[in-house]
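Next, two complexes with chain A in common: one pairs it with chain B, the other with chain C.
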Partner chain A sequence: MDKVLETDGLGKRYGSRWVLRDCTVSLPAGSVASLVGPNGAGKSTLLHLAVGLLRPDAGSVRALGAAPYSNTAVLSGLGFVAQDTPLYRDFTADELVRMGGKLNRRWDSTLARTRLAQLGIPPRKPVGRLSGGQRAQVALALALAKRPRLLLLDEPVASLDPLARREFLQSLMGSVAESGATVLLSSHILADLERSCDFVIVLQGGRARLAAPVDDIVAGHRQLIGPRHLGEPIGGVAAVVRASHTDRQSTLTVRTAGAVRDPMWTVREPTLEEIILAYLAERDAEASHEAWGVSA
Partner chain B sequence: MIEFVLDGRSKVNTYVQLVQQVKQALRVGLLSAGDQLPKVRDVAQSLAINPNTVLKAYRELELEGLAEGRPGVGTFVRRSLAGDTLADQAELREELIGWLRRSRAAGLSDEDVLALVETTMRAQRQAEALQSEPA
Partner chain C sequence: MIWLTWRQHRRQLLVTVAALAALFAVLLPTGLAMRSAVSRLGLEACAGATPPPGCGMRADQFLNDYGAMALVAVLLVVLPPLVGVFWGAPLIAREVEQGTHRMIWTQGVSRRRWALVKLGLIGAAVTALATAYGLGVAWWYAPLSGADADQARFARLFFDIQGVAPVGHTLFAVALGVACGALLPRVVPAMAATLAAFIGVRLAVTFLARPRFMDPKVETTSVYGGKLGWNAGGGDWVLAKEVRQADGTVVTGGMVRCPPPGAGERCGAETELGLRPGAYNYELLQPADRFWAFQWIETGLFVALAALLIWWTVRRLRRVA
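Now for the complex of A and B:
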């Protein structure tokens, strides 16, 4: 299976601050992938690098097999919906569809018009006067009209109400089924992750903590509950993702390498959401306390 | 054509839920051999789920010999699970309706009824297991 997006030690800095570093991910074609992480983790930066709107300061990024920066061949196969679906507000949806036809090599005008007609979006009203949900649908229709092989979306539903959010996701999933495009969608929302995506990239502190198919993630992580753990190695555990202790008991979320058979530990299968939260919860506690001048 | 629903709170995988619903529909005769399963695109859209998940469910059904995909057309049911029991089921259903009326008259709530069914089933199973055990 070929990879539609590959990054290798990718890094981006603003001044002396690295917002993304050592980011190595490989996204297989046909995936519906989710990019999750807290604010400031580097999600938008990664997406902008993937579509060539930013240039790397370290490492490399390849979209559809080549570096995207100023590469019209690659860019014509990419669709991008930026955060809060920005559109030229004074243009009507009809004008935007016509504009897309003039600005893009490959443009399926009929597809865009059919979608917008089915959704009941008024064609001759300035999009600035449409609801947030309608604007998001217009932005999606425009991206899909390019018939992209890889569609990237930067928190497209973050500011939408629950109904608009659901309608957007319905539209997106329906069109993915039709086109077979690969999708990378960045999101805050962890609930329902398992039903909407089959690949997850977890960004935290500018680093990719996890980038794997959902099935592998769920099969490869366990939660262990047992007596207070002091850091000694446990059979079957490749790495401890997150540990939480009381004076008597420890709860560990771990990445496994084989089965954990030690009867001292109660082994639980955490949900995908729980696993991701464990990765996200790991902040650099020491550095943070040091910065505040207090002891950890 | 059946319509799928999802239990968002269930710990069961989405694709497994879809497989279970198809099997359930086959069992009660809502689906029979030759019927078409909902199109992948329609399921993905109406439930807002990853189309790969629907494909996974349909592939699982194919592996179990219950469905077959016809490229460009859709996925169709190959055989049913109902068998001869469908006729008996109508009779059992009638008896059940009568029983439910009596239980409601006796003051049982829905939860009481389900609890009664579950505990009785369990007890029956245990009794049967004990009976069939070698002396």
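Now for the complex of A and C:
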């Protein structure tokens, strides 16, 4: 399948701290992908690398077949809505649409205007005076009017209330279904994404823990409940993602390699959210006892 | 891009034009008043090689009325750095501070083109405004320049507010602001850095570089007789004034004028300072006719510095994120 976004061993560091390292992801065309991870996991960094705002310090990134940092021609095929949906706050929505027309060779002004009209956005009011949800809609309309082949959104709903959040995602999915664009959407709120996406990338501590279609993820993971597990191999298990133990019992979230037939274990099919949480919980933030000057 | 530049900077432009108009609203009537005073007092005749008697008194009268204008003129040196602080510094710093660089640099226009179009248009606007300002002030200042050697247009401070030098200063201030904004992408720190760096560079150029733009000329006059008074020096930029003995040893700073020997009067300074025959006044100066050469050198220097800063900024911009 055609890959619209490919990274290979991608890394980015600020000073000596790697915010993203060894990230290898490949996103097939037409997918709606969500990029999940806690704050500071490197989600924004990955998106900024994908749109050429940042230069990779290691590895490579290709968006629409070209390295976006050194090849600004790629920009015309990319739609990007940055975190907190930045817009010139003294511009009106109408002026922003006009601006987009001046700055992009391919620009569907009708699409943007129709969208904003349907959403009831006032055209002649500075966008700084619109609500957060309306502003996010204006930013999305600007990104969609480029008719992008790859649309990247960085936590577009983080600042919205639950109702506005749902409306935003609905209208996003509606227009994506029409245009057939590939979408990569980052969020630290899992519930928003689960409903709508068919591909998931999990970032944790600057590394990609998981990057696969949702169906494969759900089919390839099982939750096993059984007696206290001490690390011995289990038939049909490729890797243990997360293990939690009580005195007598262990609950394991595992990546499978075939069916688990061992009668010792009760096998459960976990939800996507449970699998993602298992990956995120696997390595929590390192304790900082030393920095705080207390004993562990 | 042109529309965007206009839309984003039109308010700045209107404010600057309005400020310039307000300035001219003051300069025009006072300039005309000074000119009519010059002709009323007959000061034009005093500029000649052999000024008629009474010129000193009439010049004093003119300075009594209008000398304070020179103080107004001094205030004008702050205008170029203000333009740098308010036009230059926010150009990149505000985009980054508000996060809008992520929106604008991911449209279909590369950052390089974004920067070059914006800087080109702003540079052109600033050049036009600064030229109008510099030539307007030069016209306004001309009568004051002729009335007092210490306030001649070639002197420090007065040189800086007129002619084409303000164009160089203003372009440099804007480029410096833009560069500071690329280096410190926060509006207020970038503004502060712009102001500090501008003052530093301007002082260095004014006091260290400008006196050496061309080799200064040495002029010596006998302490007996010699010209002093109205339009003394004829607008030269005097770098040093000393009284020297015939063998060249420096007696004191400043100038001494004694009546010609044999006139019957005794010269107080002669005995106080122990001047021996042959003592002379020594002046190190840049002659008045070099004014425009110096203006162009100063402007060229600052435009070159501005170009260097812009080149650096456009390169640096690729790493701003």
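Definition applied: the second predicted complex is superposed on the first by the 279 of 296 C-alpha atoms of A that agree within 3 Å, B and C clash if a C-alpha of one lies under 4 Å from a C-alpha of the other, contacts with A are read in each partner's own complex, and residues count from 1 in each chain.
Going forward, contacts are C-beta pairs under 8 Å (C-beta built on N, C-alpha and C of every residue); 3 or more make two chains touch, one makes a residue touch a chain.
It should be emphasised that the depicted structure is a prediction, and the values quoted were computed from it without experimental measurement.
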| item | value |
| --- | --- |
| Superposed partners chain B and chain C on chain A - clash or fit | fit |
| Partner chain in contact with A:271 - chain B first, chain C second, else both or neither | first |
| Residue contacts on chain A - larger count, chain B or chain C | C |
| Partner chain(s) touched by A:84 [first = chain B, second = chain C, both, neither] | second |
| Computed vertex angle (chain A) for partners chain B and chain C, CA, steps of 10° | 140 |
| Which of chain B and chain C A:171 touches, first, second, both or neither | first |
| First (chain B), second (chain C), both or neither touched by A:29 | neither |
| Three-chain overlay, closest Cα atoms of chain B and chain C, distance in Å | 25 |
| Overlap of the chain B and chain C footprints on chain A, listed as residue numbers | none |
| Parts of chain A lying in touch with chain B, wherever the complex brings them together | 30-32, 166, 169-174, 176-178, 191-192, 194-198, 271 |
| Chain B residues within the chain A interface of the complex | 6, 8, 11, 13-14, 40-42, 44-54 |
| Sites on chain C touched by chain A in the complex | 1, 3-4, 7-8, 98-111, 318-319, 321 |
| Residues of chain A touching chain C in the complex | 48, 51-55, 72, 75-76, 78, 80, 82-84, 86-89, 91, 95, 98-100, 102-106, 139, 142, 146 |
